[in-house]
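Letters A, B, C and D mark the chains in the order given here, with residues in each chain numbered from 1 onward.
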């Protein structure tokens, strides 16, 4: 169909097959190539989606003027050179998270996309799940009021990664979601992080991350590879209502509690009797129905829409960069034993 | 019965009636007085336990040579003068938590008890619940191995206290339990604390507390007055097994997971291939049966046993002091935006 | 206060102290006597509520013309003679469930109350909990639509009773609640019951009870003394919405699901293609806030209101009789191996 | 590989692709054909497993002497003719559940397999999940003691089937599992069933099924298409311990409770004081670790093993027949309003 844009998937490892399947199924896209140095692996992916050209040559893909965009699902350290090459060849780019393995590289990628006037999108897949889309909508509609605190727990018995610590492995999910749902995005100036490596693996396996919100509230993330039980829970407290997202409870993933503490406004004279002005709401609980949708299908649609409408993607390169900025501050804070470290914001 | 010791309960407010009821029911104790400036309130407590002498005069109680001990359940700021007066009168003393409202006062109380050769016990009631007693026993027996991490969550929609922040209100439970179950007690040198006051109440309503364990592991406590859901959960990870205590699940409060990550010992040469030496145990889960017991009955028995055996109580004055030391470091750490603050240990 | 009615509690065993405490605390009532053959036991109850006259003589109570009503909390087999004597003495009567130990006796009690023009109330306490009151209100308001099915599970490791089987011990709760919340009450014509006595105790320890609803739906009750886990759950399915009451989940006892199956009306011609006319609603879940109330306080208030307004109590003698009628049919159905047995309805 | 047997999958609808994938992956089998009248559908299945010959002709498959076995995944009413043809052609047969759409047809299939000396297996997939295999093992080892009761709940908002009622749709799972785990199999003589069709769909959407166990205990099954919440829970009570299988709790699917009621043996003289001889065990809970396995892979292996060892499959044709026998008795019991109906056992 002539109105479809053509996309090549670069990398046929863990994530590539999922990208291939969803771009194949999308009415916005035509899947043009599977590209991987290991062509046998690429061929298996191509077969699983009903047959697509396979190549080991990135140059061949980028030289093909019929290709509009590339989806990069290679190891994180290779995101930077592949993305720059693609942008230089005039292709729109979507990159598997994390955007890059250092903030500096991410800055260069974002700048290059701006210069070329191309869309650079970070594939923060979780943001496109029905639960997170609903949370974003509820907050944007003011249903929770102003956000006072966010507490996120993402723990399980996890694979200890050879190259990254538990913050790099798990916290990008929480950070990208915060960036997606908070009205001002992940707009923070410092972060405090405490890591622990009790098994002496050489990297943090347990991590606690505290981020002051500009509103005066706080966001906190607990990531952990050593927990025997699995928890995926985020509490978002607002001035009006509080939301709990329990991703492991398929029967009630998102609950909104009309419960909370109300504090009456008061003049300075009464400031020392504050306690008496506190009251409690013990209202109803409401759990919105969530549609059944595959998040990656939404990702494919958003990437197409951003290109079509010549706008930034909801999870833009800048968004990926904000996540990297926090992760680098996390590393710094750990070096100073958990004292707050500044988060870089300038490009 | 002549072998019973005689005790007076000082303070007939929230906690006093519970103390009165349990000392009354104990075979170790004879309840001698209910003492409160508000004698009407004291009388109601006395009536509810079947009749006990009532007085508004602490002096009268302390002058009565037949009284062996006092249980102090007055506001925290009055613990210090009452406890010192009681010790000076030769009475053993048990104090509702917290031991005092400042560490300095606690030090003086502990020193006085030492000088007088009397028992000073802190009523860390939670430590005497069947669940915590079992946890202490399992750790002492080596069943969990060395402790790698502790993660404790104590959150709910709570009364905002007029005088103390959420750390002082809730964290003493977690800290006293850590002191009780960890083999070396709460033997820590620094603590990092992040608090938030998003409602502008003038004190922290949300708190995160990180304590490095000497073993290289980490203890973390999350206390929160603003959560619409109630959670009381502590995870204790060891080299052999991991324990989860979910106090709101009466059908399975304590679960021990024979799951975890094993890391093979390795020489320096292989250090860069560490990932391949990691293996996972996915073993059985075991939930020990717990007896039905009232914790305060165990407290009354322990206080009597410590006096009889002329030894420190399991939750001694020193234990209460270690909790105060951490709480003061928490306040200091908050002032420096969460950077670690030293915990005083000398007396 | 002159407007208070005076009530005597007969029976100071398990339930009597609760009745005494609640009638004492009620602004509608003045507690006049605690009556029990074991006066020592009666005295303990009297003391616990701050002092009330005690007597071993029912005659004395009934002869006291200042007494307006009696609350009977004696063994079930004695409800009948005590209630008749009280009614004959002109007293209003509330009886602990079950109303009597046979249906015939219950009939006589109901008739006598009618003849005397007095209130006879059955203390179906559970009906006055905030959860059940809310369920009754939602159904009465048409919020669930017409009721299609009710499934109730009430199982735990229970005391094997010396005199009654599991149906008599546990099912009265479910039956009285059905009578309370269903628009037409427990208006049934037959019941099928399957019991099992696998431990050879001489009585059913496991029971299943099926009651056709007049609407074409079904009510089913599972009672069990041998379950290691405790479940208290009732599902009420309506044409509009379905309600789940999980009494062991204090954070969300009552949930209303806007989910269900819709079946389009259709003409006879299309009757064989019915499946295609089925559609599914997957709407929101809503959990109403419930106030904190003691059910027995509501019982005391309802008893007073029924007398004052000269009307039947919400849980009337007739209600208790309907429960007995089903229980007798249960016994009959068990004798015929679970075939449906008729439920007596005439008085 | 020469030692592999060759199998054809007949039917490329809902279940066929799963069979194809697992037989393809098995080291015991070589996948020979995908056979479906709709060859386009068959081709899609063939492609998805990497390419296999496709045919619309059952005759062609059965005439191929290199084919050892067929797996039938066609609509239930066609199982009978296809299976008979396959057996007559000398092929071993595995049939998707239910074995047939009537008991009489099932009898003929079982008899034909016996005459031909071939393996006829019913694909009761659920029996080969790690949870059910573990339950079977625990019961066989005597760990639960003698089985006293089984209570199974299988409810959710389900598709109303055009051709079968809720008993035929869901209860085969429960019945086949009972047949698999009970020491004597599903060896029952009668069954009582209550169905309800409150939506007037023309078939039962809610069903209750009671089966007396020969031991004196009882098995009960609750199936329901109208429940807004999904429950998959089976409780198996034994004289020694009780097991709870909660299939929707991946973190603790199988729990074994060392809790129960003990009844002392007693002479006839003391029979009327039975209650005093009852005691309670409140022991530990234990949750065995379960391996991660795909049940259908175990099915493929068991089918191969039964052929190789010339023995009945664990879920034999006879097993499928016992399930059909109960289902026909269910239909009969419903016609007599839930009175017990006999279960045919002779072949």
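One rule holds in what follows: contacts are C-beta pairs under 8 Å (C-beta built on N, C-alpha and C of every residue); 3 or more make two chains touch, one makes a residue touch a chain.
Just so it is clear, the model here is predicted, and its values are computed rather than measured.
**Q** Using the touch rule from the top, work out which pair, B-C or B-D, shares more C-beta pairs.
**A** By the number of C-beta pairs in contact, the winner is B-D.
**Q** Name the chain whose C-alpha centroid is most distant from the C-alpha centroid of chain A.
**A** Chain centre farthest from chain A's centre: C.
**Q** Distance from the CA centroid of chain A to that of chain B, rounded to the nearest Å?
**A** The answer is 40 Å.
**Q** With centres defined as the mean C-alpha position, give me the chain B-chain C separation in Å.
**A** 43
**Q** I'd like to verify one number: the distance from the centre of chain B to the centre of chain D, where each centre is the average of its C-alpha atoms, in whole angstrom.
**A** 53
**Q** Residues touching two or more other chains, restricted to chain B: which are they?
**A** As it turns out, chain B has residues touching two or more other chains at 229, 259, 282.
**Q** In the complex, go through chain A and note every residue touching chain C.
**A** Touch residues, chain A against chain C: 252, 258-259, 282-289.
**Q** Which chain B residues qualify as touching chain C in the complex?
**A** 47-48, 50, 229-230, 251
**Q** Going by the contact rule at the top, pick out the chain D residues touching chain C in the complex.
**A** Residues 148-149, 151, 157, 159-162, 190, 192, 194, 196-202, 205-206, 208, 210, 212, 215-218, 220, 222, 224-229, 235, 237, 242, 244, 257, 259-261, 263, 271, 274-275, 278, 280, 282, 336-340 of chain D touch chain C in their complex.
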